[in-house]
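Structure in structure tokens, see below.
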Amino acid sequence: MEENNNNIFEPRIIAFVCNWCTYAGADLTGTSRIKYATNVEIVRFPCTGRIDFMLLLKAFAGGADGIIISGCHPNDCHYTSGNFHARRRWMVFRDMLDFMGIDIERIRWSWVSAAEGAKWADVVNDTVGKIREMGPYTEYKKAAKFLEEEKIIHE
Amino acid sequence: MERLIIKSDQIHTWLAKIIETVPRVLAPVKTGSKAEFKEIKDAGSVAYDVITTTSSVKASAFPNTETLFAYEKQGTDTKIYDVAEENFLDTVIWRARPCDAVGFGPLTKIFNWDYKDKLYNERFSRLVVVSFACDKADGCCFCTSVGGGPGNTAGSDIMLTKINDKETLVEVLTDKGQKLIDLCKDCFTKADDSIDKESVLAKIPVRFTREQIHEKLAKSFESPIWKAQSERCLGCGACAFVCPTCACFDIQEGAHGNHGRRVRCWDSCGFTLFTQHTSGHNPRPTQATRWRQRVMHKFSYMPDRLDIYGCTGCGRCSRACPVDMNIAEHLTNIANNE
Amino acid sequence: MSKIGVFICHCGENISATVDCERVAKSASEMEGVAFATDYKYMCSDPGQSLIKNAIREYHLDGVVVGSCSPRMHEPTFRRACSEAGLNPYLCEIANLREHVSWVHEKSEATTLKAIDIVKGVVEKVRRNKPLNAIEVPITKKALVIGGGIAGIQASLDIANCGQKVILIEKGPSIGGHMSQLSETFPTLDCSQCILTPRMVEVAQHPNITLYTYAELEKLDGFIGNFKATIRLKAKSVDYNKCTGCGLCTTKCPQKKIPSEFNEGLGTRTAIFTPFPQAVPNKPAIDKEHCNYYQKGKCKVCQKFCPTGAIEYDKPDEFITEDIGAVIVTTGFNVLKTDFFPEYGYGKYKDVITGLQFERLASASGPTLGEIRRPSDGQIPKKIVFISCCGSRDPAKGIPYCSKICCMYTAKHAMLYQHKVHDGESTIFYMDVRAGGKNYEEFVRRAVEEDHVNYVRGRVARVYEKNGKLIVKGVDTLLGAKPVEIEADMVVLATAGVANKGAEELAQKMHISYDPYHFFAEAHPKLKPVETNTAGIFLAGACQAPKDIPETVASASGAAVKAVSLLSQPTLVREPIVAVVNRCAPPMFSTCVGCFMCETICPYNAIEHEEIKDRRTGKVIKTVAKINPGLCQGCGTCVSFCRSKSIDIQGYTNEEMFAEVTALLNK
Amino acid sequence: MKLGFYPGCSLNGTAREYNESVKALAPVFGIELIDIDDWNCCGASAAHAVNRDLSLALPARTLALAEKQGFDEIVVPCAACFNRLAVAQYELNKDEMLKKSVEKSIDMTFNNDIKILNVVQFIDKYIKDKILEKISHKFEHQVACYYGCLLVRPNKIIDFDRVEDPTSLDELMQLIGATPIDWGFKTECCGASLSIARTDLVAKLSGNIVKDAADRGAEAIIVACPMCHSNLDMRRPQIDEYVGEKISTPVIYITQAIGLAVGIAPEKLGLQRHFVKVNTL
Amino acid sequence: MSKLSEKAATLLSEGTVKMIIGYEQGTERPRPAFCHKPEDCERLIFNDQCSNNLAVYLTKKEIIGEDKVGVVGNYYVIKTVIQLNRENQINLQNLVVMTVDGDDIITFGSIDEMQQYVDTHEPVPNEKVLAVIEKIDKMSRSERWDYWKSELSKCVRCYACRAACPLCYCNRCVTEVNCPQWIEPWAAPLSNMEWQINRVMHMSGRCVGCGECAAACPLELPIGILTKKMGMDIKNTFGGWKDGSVLSTYNVNDKENFIK
């Protein structure tokens, strides 16, 4: 599904969201019938603190062109501090990725509360637009397919 | 078979011809202060001023990571895909050392003693080894103690020995080697019988004999020497991964959705997990037992079962070791151990 | 090989209008591990649920995926259905095809493909789901109420009247709180103490209530139903068993000039004191900071005069530990002091006072016995200016919120003043008059129309003294922004209601959240207004936000019901979404290496140390982490932090989440 | 220590004595103030009311020049200039696009991280700590410190002193021996924005200020803004007419007051230039 | 006999400790030495070349056993001991920590003393490492990707970096977890990168900066650059952090500019 009929690149984006704020916020987008791009698929976590940084890398390796991470605003965490821990994790992780040349522009971090249904739609559309402009994350996918690329097989 | 002479300035011409003709040429290339075997496209990129590369050249026949086969699930059926060995490349290994060349001996035995490993054999059959005799050695070299030597031709298809600044002796040892000579016949002249190869070789003292070690090992399974020697060992796999003869591997699955590959990748008997059972029990629970295994395997089990020693004396493991587990030193101690 | 059932709901047309449900079900039927897939118009209806139940039985399903509305909507419904059909409810998961797909996308190929992808992700997760059992926790049948204001009093009485035990702690020497300081209350103008004191007495006498005054929460450990509260009983220096409350000591104490907290500094008290005549308990305590004996080592006058020998100087603070099932926090609020407002005289003009001080002036039991006399010279002010929104609704002052009660009490103050000083003139500067509430607007109208209070809509820029008058410079925005200058005799500032000092610290002690202004945060602003995010801890009154008395009492009763409904259950059943530290075969026992860096991660102190011992010798082999399932709330932050992946969280395991993420992408 | 110096138009005109006193004071404390070469109008008088782009580009050009000339900090004595420079810096730092467009119009790029100090901040940072050791003539007078509207505003940008009830001048005056009075007109409007158009209003607004100060026994009014100064000083005849009495309380700059305290000759501080004579001090 | 050897021999002969871990001369540079008997101690040396982080042995039960041991380590060993203690990995009661400063042998009586030593003896930063970091920082994003991809493609996954690191003491490394298989266990460009990313994330705020990971790498891969850079970033972002962990703590005022 990388290209549709009009040859516009359709990115695949995975959203990692917390159950209490952003997931509920995305629900609100639905109940408010606000439309957004179909390119994003949401995975529900109890808290942003639960989101393992490795899952982001696995998403890229699996072929995601972009990633959204979103949870409760600071001080709003259902678990009081999960998002603060997550924020630190991302601060370190993001610097590291950037230093290693992994494209952090493809990861959109956001706080979307349960009340921000419209914001969720904006975050999705924004990210889809941006990733669409950037094109597929070919270099990462290529690196992930090391085995497939290097060897030739026959039946 | 045949002894030829090549003018030193002709070697490049010859190598250039080889690069032009043979699909893949591997040779030592500088990486930082050390060198590694890499594919070269230009005769000028070979690093001649190193004693050995950090890693051995075994990956040319036994890659670090290789697909054994691939599979795909289609409905209830599963399709299997084999590796297309006909696509393996003919390869010249340029400027191997005698200790590199001789390393293929134990490897070939390991991959053929019961099951004939097709992938290894196919890769190995495509190799032509051009060795350069050693005129220098370092404190880690001990080939003469394990039956080799700086001019040992075993395992090589061609051996070059620099006689002086102008001339290099070329010993053509196999038909495969001859074919490479034929690529550039004009470069070679017949060698004079008087050329004394031995005199230009590096002098490497014999510190012990394999037989001495073999004999000592038979009695020292329970010796405290293993614990003493392995105390500083960190249990990393550096020694095994650079070794020309270590062939331990792990079989892994690379599965994604409905398709995947079975992969063979290097492993090391120095790792704790290497022998760990699912139950939690580990028959080699300490580094001492794993160190013992490493030495025993190379100097006792392999000669007993495969009639070949698992060490070429290249000294790579000693150079790679972060805590200076100098194997020659340890083996000398074993040989002298009462 | 798993046998998953996939059930795609049309939700009438809510889903099927944009998603090709039949095709989703068909694709699902071809997915790895799916034994049965179908679609239906209303999956949550009775026939829909029966469809699921029958399929579970017929196909021996070991997992169920329902593609429907948000799990926040019907997850419990479908899990219950599964459970009724004999399938562990935690093997049922929802693919959100309505809120996250059909309602947010147009009808298109991509929409249906997205639905299929989402179903695939959830199928892969469910394939790895493990059956889980709800956690049962015993409950200690006792509530702790922190703070003895009207909220704490009301909550304690409500709980006690339901037959449950209550411990009420109050940090001051008497219960009563701010309400006991008030003169008359809006909108009825009935006397505050008259309606409050009977309840205070009832608290003291109720057999189910244990009252500790001069007591503070030191530590709160444990979890819902099973808290352990350590309470500091501050030394009162008076043995209440011996003290009869005769009050002789307070008349003899030589330290007489201590500003009275109860009178907001407008009156004085002694070092050994009862804060006010109707205090409960009505026995004195010694304020060590002002006591001659404690400060200078000499005096002991009270001991000399005490007829019962109740004075005990050397008694240290005591600590008691109580098992508690539920906690209600009713610690109240405070008002900003005048020195927060330099432009209004920053505490240097005696006649610029706070609303709470005015309450004391107007109170019959106050320092002026209810006569409005200004603090500087005791004269009766002929012109008073009231300034509302002092700090409140002023982001520049760091207080963007509305303090809610000021409009009403300012109207009341002006009214009381007009009633007492008939020739007086009162002016109120206001931004808006917020009089939402039963009889509130009528009350304000009465102030304007009957008592002729002069309402000026505008802010005051500055108050300064000139020739013995307080010049109030403001603006009247309803008269074309005309500058207004009033020469007042007294100025009353309706200073913002703020969180109590130490509120943040207390919140951290109890692991409850608080807002940027240190008011405690409710779990949900509408639907869980008295709950906190920490199960078993409830809130009432103005510790959440400024509240008036009726609202405070209502929330206190609400919190009490929540506490009682918890305490009246035999045991507590909790979702098993908790983190677990793995255990494995010896010699490893657990892959946990015991670095315990997860301890600082956990917001709930749920990480415990477990010593793994040799069965025979009893020697400790290693110490590893263990998670107390009662405390764990299931955030999973420790899970993604643990370097060796030794912690996992039930319901969102590493394997499950990994499978879901990769399945969304795999073709 | 060398700092950049932005005089602005006033200090070259009506407020020459302010310029003289700042320049006289700085070297006493080992500071050299160097005029920013080729500085231009700050945009206070008209630009900021009529054209936003211009009102940002004008100060931006000065800031960019200062940066190019290697200054890390610049001192801007005029409160209006200071306000324009500080606001422009803040606005441009907040909006990358805006900054780019302004850079285009001034044909210079700049980091926009120079530190802008008004006179009070400058004294606070570089002089305050050393004042006591330099005082030779204690300034033992009752004074009314008058801040006007711009000196500590906008508070969120300059984050210095209390916006509604500033005290920094009072503290400085206290330090040199003066007794600041408590009064109600510290931050009242002097009428500066109407100082040409409606002198009658200026007389009224400034008159209230001067009268309150005088009534409360101030021997001088201390200011740090050339607008305030010209209104309270130059408009004194009109003020006198409005209040109906002759008020002779002089209006002096904070730099002049400190200058006197550390022993600088009154002429060097330009004290002779005031309309209301400074005889009593 | 050197002062060091004497001190060590005394500790052994008096029975204070059962073993001394220090340095001895190896083939080309000093290497770890284990002295069980007083006479073993003659081999002990201490000089600038002694770079192995001996603290790596302190978490190996099979080496140190249940008895009290002494360690004569360099600056980084001391720093590591402090961190290991924070992480509950060592028993200070059973440990004598020493270092050599000029002619003096310093024996540390407490963690505070070690901390003070560490605070006052910080080695000069390795200019070469800083230069490489600067070089990489100046690259474009895709150049950085190419650089790391090509460097880390050489990795053979011998895990010498892990083995040499005294803070990689997990019983089970994340690379060995296969349910799920977080990191593919074979050497391949991406899984090699993932391994390094994991290593660096796991070290964040904990890394003492000894550089043994890089020193151990037989292929001389610039992996020490990664941990160093992470350390620098953390210092810049969170200021001086002293509690030995960044990711298990937080500050409500942490400032980032990317969460929108």
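Per-chain residue numbering starts at 1, and chain names A, B, C, D and E are given in the order in which the chains are listed.
Here is the rule we go by: contacts are C-beta pairs under 8 Å (C-beta built on N, C-alpha and C of every residue); 3 or more make two chains touch, one makes a residue touch a chain.
Remember, predicted model here, so these are calculated numbers, not experimental data.
The chains in contact with chain B and with chain E alike are A, C. Fewest steps needed to get from chain D to chain E, stepping only to touching chains, is 2. Centrality by C-alpha centroid: the chain sitting nearest the overall protein C-alpha mean is A. Using CA-based centroids throughout, the chain positioned farthest away from chain C is B. Set against the C-alpha centre of chain D, every other chain centre is closer than that of B.
With C-E and B-C as the two chain pairs, more C-beta contacts join C-E. With centres taken as mean Cα positions, chain D sits 49 Å from chain C. Here the spacing of chain A and chain C, counted between their Cα centres, is 34 Å.
A straight line joining the Cα centres of chain A and chain B is 45 Å long.
With centres taken as mean Cα positions, chain D sits 82 Å from chain B.
Listed for chain A are residues 53, 58, 62, 75, 81, 85, 89, 147, each touching two or more other chains. Within chain D, not a single residue touches two or more of the remaining chains. The residues of chain E that reach two or more other chains are 182, 188, 247-249, listed in rising order.
The chain pairs satisfying the stated touch condition come to A-B, A-C, A-E, B-C, B-E, C-D, C-E. On the chain C side of its complex with chain B, the touching residues are 30, 32, 584-588, 662-663, 666-667. Interface residues of chain C, counted against chain D in their complex, comprise 342-343, 346, 348, 396, 462-466, 471, 473. Contacts from chain A toward chain B in the complex involve residues 62, 147, 151-155. Residues of chain A touching chain C in their complex: 1, 4, 10, 12, 14, 23-24, 26-31, 33-36, 38-39, 41-47, 49-53, 55, 58-59, 62-64, 75, 77-82, 85-86, 89, 121. Interface of chain B with chain E (complex): residues 31-34, 36, 54-55, 64-65, 139-140, 231-232, 234-238, 240-242, 250, 252, 254, 263, 265-266, 268, 271, 273, 285-288, 318-320, 322-324, 326, 329.
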